[in-house]
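The block underneath contains the structure these notes are about, expressed in structure tokens.
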Amino acid sequence: MDLTPIWLSLRLALITTLILLVLGVPVAYWLSRKSSWFKLVIEALVTMPLVLPPSVLGFYLLLAFSPNNGPGKWLNEYFNIHLVFSFEGLILASVIYSLPFMISPLKSAFAHLPTSIAEASYTMGKSHTQTFFKILIPNISGSILTASVLTFAHTLGEFGVVLMIGGNIPNQTKVASIAIFDAVEQMDYSSANFYSLVLFAITFAIVVTVFIFNKHAAKNPFE
Amino acid sequence: MIHVHITKEIKRFKGTEKFLVQTDFSVGAVTHISGPSGAGKTTLLRIIAGLVKPEHGHITFEGETWLNTTENLYLPTQARKVGFVFQDYALFPNMTVKEHLSFGTKDVELIQRLLILGKMERFIDQRPRELSGGQQQRLSILRALTTRPRLLLMDEPFSALDQALKAELVPDLKLLLIEMKTTCLVSTHYPLELKGFADFYFEL
Amino acid sequence: QPLRIAVAANAQSVIKLLQADFKKRTGIATEAIIGASGKLATQIEHGAPFDVFLSADMEFPELLYKNNLSLTKPQVYAQGSLIICSASGQDVGNWQKILSLGTAGKVAIANPKVAPYGKAAEESLVYYNLMERVRPQLVYGGSISQINTYITTGVVSLGFTTEAFLHEQKDSDKLKWVRVDLKSYKKIEQGMLVLSHAKKENYKAAMKFHAYILSTPAQTILKQNGYIIP
Amino acid sequence: MDLTPIWLSLRLALITTLILLVLGVPVAYWLSRKSSWFKLVIEALVTMPLVLPPSVLGFYLLLAFSPNNGPGKWLNEYFNIHLVFSFEGLILASVIYSLPFMISPLKSAFAHLPTSIAEASYTMGKSHTQTFFKILIPNISGSILTASVLTFAHTLGEFGVVLMIGGNIPNQTKVASIAIFDAVEQMDYSSANFYSLVLFAITFAIVVTVFIFNKHAAKNPFE
Amino acid sequence: MIHVHITKEIKRFKGTEKFLVQTDFSVGAVTHISGPSGAGKTTLLRIIAGLVKPEHGHITFEGETWLNTTENLYLPTQARKVGFVFQDYALFPNMTVKEHLSFGTKDVELIQRLLILGKMERFIDQRPRELSGGQQQRLSILRALTTRPRLLLMDEPFSALDQALKAELVPDLKLLLIEMKTTCLVSTHYPLELKGFADFYFEL
């Protein structure tokens, strides 16, 4: 059985999750602080990919990065970068598509932390950055894990956007979800089942990991 | 000299109340801040630490301006070099007793000394949720001392400690403050427990 | 890089035979990307890196040609045959009658806007004056292969599909089917293009493939798999 | 412009969200309590729709609901219920598909509530049920709102599953996301833009509502 | 008579410790439970309330069995009809002062009386985070009384109150307990504040 679609999916999901971790944690923190109308706009933009059908997102990305016009033409002519029908394009699309899956749970976790623990850290002379990494982050590690899993899984299952801008190219944009769709359409049900099973197994492994981690960090070992 | 002159508005059932403080505190000494429940002790300590901003006023510490609302000056909490013992402890849920202390200092000798001072040696690997009320409170005092603060603000810091423990802890703490040249403001409803600890008294 | 061929869904199984035969003859490896003709055309418009396009009609190839996206003129390589098919054992010999009764259950056709076979099915329904009668029962699929999925999983009673479908089914004897009369729809002339993208590196291979498809061995394979060869 | 796809999407998203609220809140609570291996399995099942590409989910639903075999046949013969190519089928699919979006944030919110407030309620003689509705629920109302918005939005954007089991029937299963995909494939960019814009506007309205609610329930009005 | 005989294991830095209590408490009276910080006062009260299960033992309240580990009997907290004042208050973040009290009783007269008892009339619309430490503590006492409990368990309930307030509150509370025929166990490090309040004394 051809395993490249699975590898491609895993690579895509991993890279996307890493990018979103680096990007999402600070943004989520910033959004969780005092609200303003400017933040509202940013938050709305971050939320967009959630409500936008993947087909729409794919459509706009297609228009934006099509070598026929605007940014795509420019990238193409001056840098020879192609963001449609390429793996790089899928990464960009996935980052946009999965953005709210990272940001939304983290924002909520930050907002629920008691303000007093950050204050305690400030009184100990710690800067905002130190407090952020030493106090806030460790105390929402559970949520960070959950958000990462959500992001990873969501990217693994990405379909509509890839269908639109991926072009189903083996070893480049033919990820597992598309391979399954393809197999089903070609009535190759054994391949479809095989790919589905592998994805199933991966989810299971993820869930078990999270479960064990959470058990370890359980609330009150005393009761 | 710590000079404080501030006004803060407090929301009330109907309308707002004005909370006004104007006073000086001696440096290098311990001042007992007293006042009925709800008088504003916590609020005052938080304002001095820079955790709450008053609407009007100024605060200076030995000539250094910490707050001046007319000139829009405001020294951030970190730069004030204070220690704070919170009324509700505000411990870090993710850290063990030992980690709380190492977060404030690299000085292992100081840490060891503080653990002994607070009789907390046996609990170094426990997290806040695994500590009794009094153990949590002691940890919160020790943590505030790790940074060798210029000014130690303690909000009802002994309320969960038993008499015998307090009788040992308070004098030791006093010696440590003198050694560190730390000024101290402490709010409590139990003036007795500050006998020999507080040098001055301020009623809100 | 292998030669990339965008193939209309109706040819999804015969293309495998053609690829293998082409490889045997020329040693050139190829990759097939399957989709509805209209969808593939849209992707090509937006820069998809395909070298050859095998459409299910002439319209989409002509559009691409007009937009300077191809290196060759559209060329018919086969004519498609529309069938009506059922997997439930129901006899479809008198399908016009069944449909006119309106009790048949769901009827699947491909999206006429992007799939030429869907368009042909619609033309045929109009020709027999059945369109209004059948409309409530119609369900649409994104390409002809989705119709095939609907038929084989039994979620529809009847479906309009390509005759090539019968050749990709292992146990096709379970299917009841009948050819839709050629007079009831416009000829499905399937067109081929070598695309501008082939200029980059696969020009020679693309031209070889183009020639191969029109050669006798390829035409024979097409004929054996449900296509009408003139 | 034909507005029925928009209405259909909104109706679908609303009904799905309501069903998932009723279903998800208790399940999330149950999952947040002491963990066991049985719960692990349930949690894995609940997480599945997240990682499963919508196309796969759609395919399996298609098989399950086919009147030829198993459950579909049974439903069809005894109740005359058809779950493929019908609005009811879309509701069921959406409920499955969006399950983790409701459950996951709620579970995390329940787990983060201090246990002592529930204990306080028990000492006041309140049953688990009373405590649940009067103490726990009100204290995670923010998360409930967030989870509902996520669910609503995610259903609005549902695409792959509908593509598979919907059959693109106007006024029944042709929801907005499909209408857009359709329009794009037909290069009818003005329709695609119109539908996308309407969905954009709806998201914006939702985000603003959540924003205002959260501002109202802000953390500390004193500081 | 409240009969308590329990063993609970407590995790320690190295290994576990056994926490063992065997005693009887008088019904209809107030017993002061004392002991150094970390002795297990909170743990004992929580076990009596049914919030923590000990490994072994039994508890009976006037002949009614609340716990019997050998027979695997366990009366849930709700059925024990206790009131509990938590050391860290455990107030409901979503409720105002008034809502806290109405959650326990529909009796508006009682609510009014309790508000006066705790001097909390002015804060009825404030939520916990808008109350001072002492105000939160008073609310937590009042809340525990709304259900007219058979047994009131108070864990360090006056630590954040000022002397004057306590001097008024404690006698009034005593009268109310007598009127309600409520038995009371109270842990505190300040025996003085229980003068005239506690009838018995138990050292852990």
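To keep things simple, chains are lettered A, B, C, D and E as they appear, and every chain counts its residues starting from 1.
To be clear about the criterion, contacts are C-beta pairs under 8 Å (C-beta built on N, C-alpha and C of every residue); 3 or more make two chains touch, one makes a residue touch a chain.
These numbers come from a predicted model, not from an experiment.
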{"item": "Touching both chain B and chain D (chains)", "value": "A, E"}
{"item": "Farthest-lying chain, centroid of Cα atoms versus that of chain D", "value": "B"}
{"item": "Farthest-lying chain, centroid of Cα atoms versus that of chain E", "value": "C"}
{"item": "Chain centre separation (chain A, chain D; CA means) in Å", "value": "19"}
{"item": "CA centroid of chain D to CA centroid of chain E, Å", "value": "43"}
{"item": "Distance from the mean Cα position of chain C to that of chain B, given in whole angstrom", "value": "79"}
{"item": "Multi-partner residues of chain D (each touching 2 or more other chains)", "value": "59, 184, 219-223"}
{"item": "Touching two or more other chains - residue numbers and ranges from chain B", "value": "11, 51, 88, 130"}
{"item": "Where chain C touches two or more other chains, by residue", "value": "45, 149"}
{"item": "Interface residues, chain D side, partner chain A - complex", "value": "35, 40, 43-44, 47-48, 50-56, 59-60, 100, 104-105, 108-109, 111-112, 115, 142-143, 146, 150, 153-154, 156-160, 176-178, 180-181, 184, 189, 192, 195-196, 199-200, 202-204, 206-208, 211, 214-215, 218-220, 223"}
{"item": "Parts of chain A lying in touch with chain C, wherever the complex brings them together", "value": "62-63, 66-68, 72, 82, 84-85, 167-170, 182, 184-187"}
{"item": "Chain D-touching residues of chain E, taken from the complex the two chains share", "value": "49-51, 76-78, 81-84, 86, 88, 90-95, 103-104, 129-130, 143-144, 146-147"}
{"item": "Chain D-facing residues of chain C, complex", "value": "36, 38-39, 42, 45, 87-88, 106, 108, 111, 113-114, 138-142, 149-150, 153-156"}
{"item": "Residues on chain D engaged by chain E in the complex (per definition of touch)", "value": "114, 116-117, 119-127, 134-135, 138-139, 141, 219-222"}
